[in-house]
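Labels for the chains are A, B and C, by order of writing; each one numbers its residues from 1.
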Amino acid sequence: MTTTSHTAGAQPRQEDRPGQRTPTKAARGTHRTGATARAPWILLAPFLALFLLTFILPIIVALISSFTKVTRSGLFGEAGVTSGFAGFSNYAQALSDGSFVASIGRMLLFGVVQVPFMIVLCTVLALMLESGSAKWPGFFRAAYFLPYGVPGVIATILWSFLYVPGLSPLLDIAGVFGLSPDFLGPDTVLWSIANIVTWSYTGYNMLIIVAQLKSIPVELYEAAKVDGASTLRVATSIQLPLIRPALVLTTVFSIIGTLQLFAEAQVLKTVAPAIDSQYTPNLSAYTTAFAYNDYNVAAAQAVLIALAAFTLSFVFLKFTNRKSS
Amino acid sequence: MAQLSRRQLLGAGLGTAALGILTGCATPGVTSVNTKPVIPAAGGEPVTITYWAWLKDLQNVADVWNAANPQIQVNVEWIPGGNAGGYQKLYSALAAGGGPDLAQIELRTIPEFVLVNGLVDLSRYGAEEYASRYDKTLWGQVQYAGGTYGIPQDAGPMGMFYQPEVLAKVGAQPPATWEEWAAVGKELRTQDAYLDCFPLADASVFTAFATQAGANWLKAEEDGWVINMTDDATMDVARFFDKAITDDIVQTGYGAYSPGWFAAAAKGGIGSVTSGSWGDALVQGVSGGEGKWRVAPMPIWGSTGYGSSYLGGSTAAVLANSKHPREALEFATWMTTSKEGIDAMILNSGIGWSPAPEFIGTTRLEPSPFFSGQRYNEEIFVPASAAQNQDWSWWPVTQQSFNILSDGFRKKASGTSLMDSIVTSEQQIMTVFRNKGLTIRKEAS
Amino acid sequence: MTTTANPKTTKDTTVRASRATKDRSAGKRRSSTIIVTAVLVVVATYFLVPVYWVVVAATKSTADLFGTNGFWFAPTFALWENISRVLSYDNGIFLQWFLNSVLYAGVGALVATYFAAAGGYALAKYEFRGRNLVFGTILGGVLVPGTATALPLFLLFSQMGIANTYWSVLLPSLVSPFGLFLCRIYSQATVDTSLMEAARLDGASELRIFHTIGLRVLTPALVTVFLFQLVGIWNNYFLPLVMLSDSNLYPITLGLNNWLSQVDRLPEFYELTTGGVLLSIIPLGIAMVVLQRFWRGGLTEGSVK
């Protein structure tokens, strides 16, 4: 990732030279050639400029600071502070930090459970909504999609009120049945977060799948009907294979989303003592940077998070591609 | 061709600019304001000072000052409390080369801001002449490496808020020692009540107990930092709470002043809370609590240690990018030592204990109706603020150390004792020091 | 709790429902409708309960919030008091936050959609050296977690002096690699090259061709990209959290969390928070319900091949 972005950052400048020399086949006349060759770059320019500023440069900054180390002399560095090349020591420090590694492990566990669960749930919901057997599909679609419009922070505030003892009506109801679930305990709070994420994103993912389902040609269903295929059979042999791209897309996004988890944990932390300040990788990087003031190690952590997201998505795409071919 | 070279030039220019930015933003906070010349007083020009703090309605306090001092106008901006977001804002403002003149910073966080060159050494602006007005322990906690890095603003000498009715169920009086405390706690369990909570997720309370017992975790010496978290005082406190938790004498499911705590306290399920003097305002939030609470001295560790400890407390510190440190200092000392300043802070912001022993605040001399007419401030907290461990001092990675400690404490649920986790925490904290490029060694026993 | 209960019932009923439809008698059909609808109702309850709770909670005083059942209204109806307090607290800072969110999300999404359309169109309709490299790099950008770039971006912006300004949140919101990706796919599929050629012969400039032919044909995809980016920015928390320290610049997410973080010191913030949450989800809730039908296939068309 880093190497590609590095070269690509400089690319636009180098590349417009050959573009101008070689006339494009489509263009007629030399006057035209220049304009046509320039056009894509002009069209791309605003996007590329901002992309450079907000993606490429920060990645380079992160890389530079992740390889920088500060050394201090005196009790507070009052006798001198110097920064220099650190090699991989920041990465080593990030990876030897038990809490940071634990947070990555926690997110893997979270992803392994929550992502498949949510994808199955939203697929089943989409199939049911599109099966034609449901009444008021428009209402349900809207109801399921509504939480997506509630920002993660606000969704977490909402759910935290439903989790906190003394405030939660859910606990009151559970109490009637003689149960006293602890939504915020050390073993349960991860799944309370999973619930918030599921609540927020199931409707959105469902809508992507519904969109893909709607694009399936009617003839396919008719052919299946002629063959006397059951609803289940239609689902497994026509619908599921054809919505595969949507499933892959939603899964990749969910994987990336899982590694990015931040707001839910940070907000819930105020009511759940079981959530420490390095509960998720992002929270860890944030704490390292802004509470511990260690921007260099935080940069190393950010790079590691990006690498993990990249690798996981890549592996997942490779895996699904191999399976389909 | 002309076009081409122009674009190339532009490209090269952009490239250079980008490179300049990149090299410039390597690491913030490596140059010290305290090696630069002292900024002279404004000299007649009216100045405006900004103060970022999380105390509520502090602007009203500043307005009292503003009315009398047209030359120095103070503007208060509210920020979230400490690590709930306030410090993050301050650090980012510092990293961006800005920030307010004054900021509310907890005593324990002062060295962390010193480490990133975030604070002005006020001794260069004559802070020493005010030293005698402040509580000795608190003044000691703003002194680092020969400088003064903040003006104590409020504090929390510890005492014990208790419900006589709940204690009476087992015929107990407020315990004078921690031994008695454990015995009362055990008795109360037969009445389906807890005497108190022990917060596994917040190490500051344990730290205050260890301080009371006489611990002194970090010392600054000539050749660097010296750590000792495994001294007898700390280990005794850890052993004591290990047993209390194992025997189920303390509640660990929720912390003091959480929604669950308020519910339990209102129902008589919690007998007491050993906490800073600022707990009085919070205890008054227990529904139907009027007349049911009193205040007693904090239990003591037998014949060793001190009568009380400080829990919490903050300062007004001058930030590195301030243009008017002298004026900021002037305002901060007025606010924290003058009668009108202290009274205004109590009235508007409900501050904790006044850092000026001379004056604890007019309203605090009155008997309290909520606490059944007890004059608890004079009776309990004035002596408590005098019975402090004056050797205690904070260190540049306090917050991270607290997180390390509480991460360890959380493992108590799965069987790791507090004593064991303190031993491993000490090692981790030493690593943190070294990773920051600081020198540290374990104190020879 | 509710979540774990749901999937089982859902799966069972699909199987049952599908078995039922094998026989095409009207009776079975009706029963499958009832079962499927019942399941959907249960799931809808799960999605709507928190929203219902906040509606109820916003009508209560702090004492009632803790003292009465959370799923039913308290005798004293304090909704209007709560809402007027939310709107008037700190000189109406809530409205300021709301307007900031509208600014960040509205302007950000509009401009981002335009830039993404131009870029996607250029990558789809022109042959030029480096095209694949540019596209590949941008595609890589889709996979980089937004939060990973936020910290270094903060350092960068601090250096440029635009941290803690509207620009620090707005500028990163103007880039939507995923939007560009969608626009490229959509341009490939729908923009007619021969139409572009004809326009060129008529002497139209390339930019004019994009604005008259390209944008018009792309409109359906642009709506999708716009909505995607709008919600993305509206929901963003990490970037403004890192960038902003002036609460007058806060979007609503940051502001409400600010209030929530004070409840342990000042319990009156419970009412402010619940009232604020209610006010903030009403407009977006309406928007979601109205706009969900525009959220169309463009999202996935040929996305992963």
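The rule is simple: a contact is a pair of C-beta atoms (placed from the backbone, for glycine too) under 8 Å apart; a residue touches a chain by one contact, two chains touch by 3 or more.
Note that the coordinates shown come from a computational prediction; the quantities given were computed from them, not determined experimentally.
Chain contacts here are complete: no pair of chains fails to touch. Look at the CA centroids: the one farthest from the centroid of chain A belongs to B. With centres defined as mean CA coordinates, chain C is found 14 Å away from chain A. Annotation: 37 Å between the Cα-based centres of chain A and chain B.
Our note on geometry: chain B versus chain C, Cα centroid distance of 39 Å, whole angstroms. Shown for chain C are the residues in touch with two or more other chains, namely 66, 155-156, 242, 261, 264.
Listed for chain B are residues 21-22, 25, 28, 84, 92, 95, 258-259, 262-263, each touching two or more other chains. Counting partner chains per residue, chain A has residues 57, 61, 65, 166-167, 270, 290, 295 touching two or more of them. In the complex of the two chains, the chain C residues touching chain A come out as 1-3, 6-7, 10-11, 14-15, 17-19, 21-22, 29, 32-33, 36-37, 39-40, 43-44, 46-51, 53-54, 57, 65-66, 69-71, 115-116, 118-119, 121-123, 125-131, 133-134, 136-138, 140-141, 143-153, 155-156, 171-172, 174-175, 177, 180, 197, 200, 205-207, 210, 231, 234-238, 242, 252-254, 256-257, 260-261, 264, 273-274, 277, 280-281, 284-285, 287-289, 292, 295-305. By the touch criterion given at the top, residues 63, 66-67, 154-161, 163-164, 242, 245, 247, 258, 261-262, 264-267 of chain C touch chain B in their complex. Residues of chain A touching chain B in their complex: 10, 13, 16-17, 20, 57, 60-61, 64-65, 68-72, 74-78, 81-83, 93, 99, 164-167, 182, 186, 270-271, 273-274, 276-278, 287, 290-297. The part of chain B that touches chain C in the complex is made up of residues 21-22, 24-25, 28, 56, 77-81, 84-85, 89, 92-93, 95-98, 257-259, 262-263, 285, 287. Residue ranges on chain B touching chain A, taken from their complex, read 4, 7-8, 11, 15, 18, 21-22, 25-32, 34, 83-84, 87-88, 91-92, 95, 111-112, 114-117, 144-145, 199-202, 220, 224-225, 253-255, 258-260, 262-263, 396-397, 399-400, 403, 406-407, 410, 413, 435-438.
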